[in-house]
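Two complexes are shown next, each including chain A; its partner changes from chain B in the first to chain C in the second.
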Partner chain A sequence: MAGGSRGPAFWGQLAFTLLVCLMLVSPIVLSLLAGVTQNYFVGIRSGVTLRWVEEVLRTYSGTILLSVQIAFACLACTLLLGVPAAYVLSRHQGRATRLVEELLVMPVAIPGLATALALIITYGGFGDFRRSWLFILVGHVLFTLPFMVRAVLAVMNSVDLATLEEGAASLGAGFVRRFFGVVLPNCMPGILAGSLMVVTLSIGEFNLTWLLHTPLGKTLPVGLADAYASLRIEIGSAYTLIFFVIIIPCLVLMQAVARRGAGSK
Partner chain B sequence: MPSILPARRTLLAVALLAPAAAVFGAFFLLPLARLFALGGGGAEGWGAYAAILVEPRYFESLIQTVLLSAGVTAVTLAISCVSGLFLVRNRFPGRSLLVAVLTFPLVFPGVVIGFMVIMLAGRQGLIGTVTEGLFGSRLVFAYSMAGLFLGYVYFSVPRVILTVMAAAEKLDPQLAEAARSLGASPWQVTAHVVLPALKPAFLSAGAICFATAMGAFGTAFTLATRIDVLPMLIYTEFTLQANIAMAAALSFVLGAVTWAVLALARSFAGSSVAAAG
Partner chain C sequence: MSATAKSDSFRVEPVPVRLEGCSKTFGNGARALEPLDLTIRGGETMVFLGPSGCGKTTTLRLIAGLESPDPGGRVFFGDEDVTRLPIERRNVGMVFQSYALFPNMNVAQNVAYGLRVRSVERRQRDRRVDEMLAMMQMADLAGRRIDQLSGGQRQRVALARALVVRPRVLLLDEPLTALDAKLRDGLRLEIDRLLRGLGITAVYVTHDQGEAMALGDRITVMARGRVAQIGTPQDIYFRPADAFVAEFIGTMNRLPARVDDGILQIGSLQLPWQGPAGTTTVLIRPEDVRLQDDDGVLTGMVSVAVFLGDRTRVVVDVADGSSIIVDAPGRTSVARGDTVRLGFDPARLLSLPDRS
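On to the complex of A and B.
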């Protein structure tokens, strides 16, 4: 739109938007600084140090590794379960598949706390399962599956899969060949976008994980909550800094993929 | 597809959907049914569900949570409407940086948002330092309902602003042009053309915002023990009181409310709506 008029309305809205940005960014900057400050109470004058980051890595590296492990296991599960499901939803559009779609989104619509409680009530008695990291994985798969299905489904619906598949079939390709040779390559952008989303969400998941975790199996956000509650602000900040270092590349990649998707249309 | 018989095609569809359906049924639908049954299986029986409305402690928490979520939704929509429309309508140096900054916290989990609120309004927070310099007394409100409010707005603004901007960019500029050529002032164009056209986007974004605020747990957990929003109440009932039946009943009702809000918004707005975080 033409932005010729730079009256008071323009400057007023710009000031407001800058204020909102300031609200969002200042705590991020502050926590990044606090994570490398000797003594936050005194301020950055007290000196810059990596000792808090080192201390967090020493105490909490287990949580980081577990989070990464769960995120990739979760990705594998959502790919195996979600891509075939999205394919069916895309090729069979009708009342039944709409119902399936509706059901699949439910774990996102219902608070994680409720889902976690339901899982504990039902499977808490199976001690070995309850104590293993697989219990957390189940929760993460439920929560992230809709995002994978939706991302893949969006791309599948935008390319004409039916015609492509018919072409392949007329050349004699069986289903397996068509699925791996035609369907998958054509919905790669969706799979990529969905994968990034799943990994990012899984690494940051707390609502479900807090109830599902055991003292011996803590994920990164669970460790963060621990650190915020009981340790000094510098350690909480250093831990947050490490979280940012992990999560921000995911975000940047996600936005880059989204931009490329929008550009190619 | 002509090359495959319909029966085989259906069979194939069922086979491909089966793994997801099995996991979903075993780990979501079944547990949810158990949650509902357990809610009615405590000392009070099905009265546990009635207690949510009758017992002041639960009812007040429910009302508080609804009011908080509604307030957060209203403020977030207002902020996102002003800034989102501004960023779509104007092109200026640094604009893309502002957009990037506004969408940056999109992937922060609730616990980290809680810590951001502590950084802003906590005992050693920015707002405290600024107010101490200006007025001589530290303003600290992170560990209260106001802190939670700030946290939820912080959490929701990036999501809602993206929705508003995406919808505003799709808007046909000729509509506003036509209104302007008929003599409408900029304010009238916004009020009578742009905002009504963005109503579906507001509805779906608002519903997501409301449902997320209703069910969010991480931020409240980081900030304090003294904020009795519904998710915190469920957590205390479950862990400290060991009143598992009540916790189950409360969770089921909370889940039903957020799901209903999202389903309702979806039926009005038409697009896919789901909570996040």
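On to the complex of A and C.
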């Protein structure tokens, strides 16, 4: 694309691209603006305020905290389950492990509602468990685990882990030492990418959670749905604003990690 | 690497390695190695040479402890039976074809890894790493990341890392294969000097006969999971045990010959011969064949003449349709289409038992 000789085709494409971007971004911007507008029906002229944000924080801080709590608990679970699983899958490649790899995608492929219903049918009878936040956590772990395994597995398969481990073993390192000193550090980009993915997905998860939650244990997206359904649109929008503040840094970090991972190859 | 290689802190007691009845069958039923008995003397450099799939790497991995032999096979380091010890408890040093350096550590940390695993206390560890890096002429690279090193530098780090722990046996798995030709020659000399300086028992796997000849005190030529011949480079080259070794090492000419009444006839040459009557094959190296003006044993026409500087490689088509390769002195002037006579010293002829 040499400068100076840009024809009508270029400007046409640029205009089209910008138009599409505008279509995608405007609802978000409008929604965010609504969250800080005095009165949505009057418009931004009615004044800018943090009143709705404060109100959301007052009424819904429980759901926000629960969401963050579940996200990190979910992260801990997927790390403990997913990293060793990816390790085994990467080190023992055969028919059985390929099958497991395929099965791991199932929770992603099946609609969240179906998974949630299956969980309720199976474990709904355990009252205390059904009512606790752990029930939602189980759903989130089911849903996010494949993403962790895939992210870690991709890195593990690209670094020739087997030879690295043989190298460490030849220098006298036993399994535990190899795993923590050589395997984990060299899979960090995958673990990091997987972690951000899991946290992001868990915080934003709605399908499963909507069925799994109880009135006393709502997460952020479920609360958001409630707010839009039953309260002033400004409150719902302020809620969205808070959601963005939590989720955007995660997404930006994810991109940065992905880029750094690609750069080091 | 020079004389510093004799530094006492790296000197190791040479340990012999003995394999007894070691065979290896993989899970899918493929036999990678037929039962093998082999002794590698203490301090000697043994090269396993052969085409891919001949079992050389499997044998190395059996010695390393990365594979275990089929039941009944045993591996000894000196008098100690190490068959059941995993690699991390055999105290070997290993250099991998792909180097296997840890990307998450810099050069010095890679070299220090084995010492850290052995809980060598910090000051001594630093000193030994420094000494090792100095010996490999890499002191200025200590802080580099692995991905900032060239292939040759990586290979030296891999050697340093394997040697710094003073292993009982040094195992090298095609360490030069990933490097370009020029670098390979340089590093080969360095490795040779290093191994002799240290006096360590070393096992070196390669498919490159030049490397094998240059580095090996003895060479084990392998084919299809079996040992074809064990001997010094001279043995292997001048007295190949069978047709495979003869063809695999260097270049070999097959001469058409007939045996009648205890007389071997090649062209105009007649020699007393023991062996069954009929056609047979005798072998001769290209450098043992002469181009000459008068008599000669065979007459033929030059089909190719390539000037290689130190010698001229001439391919001569002889009467029965076969081609004979001749390494003539560099200053020989023959051209395609010339008629030449070939002669040789009968003492340089090789015959092989017909096994192939």
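One rule holds for everything that comes next: the second predicted complex is superposed on the first by the 260 of 265 C-alpha atoms of A that agree within 3 Å, B and C clash if a C-alpha of one lies under 4 Å from a C-alpha of the other, contacts with A are read in each partner's own complex, and residues count from 1 in each chain.
Throughout what follows, a contact is a pair of C-beta atoms (placed from the backbone, for glycine too) under 8 Å apart; a residue touches a chain by one contact, two chains touch by 3 or more.
Here the structure is a predicted model, which is why all the values come from computation and not from measurement.
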### Task
Could you say whether A:185 touches chain B, chain C, both of them, or neither, answering first, second, both or neither?
second
### Query
Is A:247 in contact with chain B, with chain C, with both, or with neither (first, second, both, neither)?
first
### First (chain B), second (chain C), both or neither touched by A:30
first
### Task
Figure out whether A:163 sits in contact with chain B (first) or chain C (second), or with both, or with neither.
second
### Message
Between chain B and chain C, which one contacts more residues of chain A in the superposed model?
### Response
B
### Task
Scan A:171 for contacts with chain B and chain C and give back first, second, both or neither.
second
#### Entry: First, second, both or neither for A:88, with chain B first and chain C second
first
### Task
Tell me which partner A:113 touches in the superposition: chain B (first), chain C (second), both or neither.
first
### Query
On chain A, what residues does chain B touch that chain C touches as well?
166, 169-170
### Query
Within the complex, which stretch of chain A touches chain C?
159-160, 163-164, 166-174, 177, 181-182, 185-186, 188, 264
### Message
Per the contact definition, I'd like the list of chain C residues that touch chain A in the complex.
### Response
64, 66, 86-89, 91-94, 96, 98, 100-104, 113-114, 117-118, 147, 161-162, 165, 171
### Query
What does chain A use to touch chain B in their complex?
1, 3, 9-10, 13-14, 16-18, 20-21, 23-28, 30-31, 34, 40-41, 77, 80-82, 84-85, 87-88, 91-92, 100, 103-115, 117-119, 121-123, 138, 141-142, 145-146, 149-150, 162, 165-166, 169-170, 175, 200-201, 204-207, 210-211, 221, 224-225, 228-229, 233, 236, 240, 243, 247, 250-251, 255
### Contact footprint of chain A on chain B as seen in their complex
1-4, 12-13, 16-17, 19-21, 23-24, 27-32, 34-35, 38, 79, 82-83, 86-92, 98, 101-112, 114-120, 124, 126, 154, 157-158, 173, 176, 186, 211, 214-218, 221-222, 231, 234-235, 238, 244, 247-248, 251-252, 254-255, 258-259, 262-263, 272, 274-277
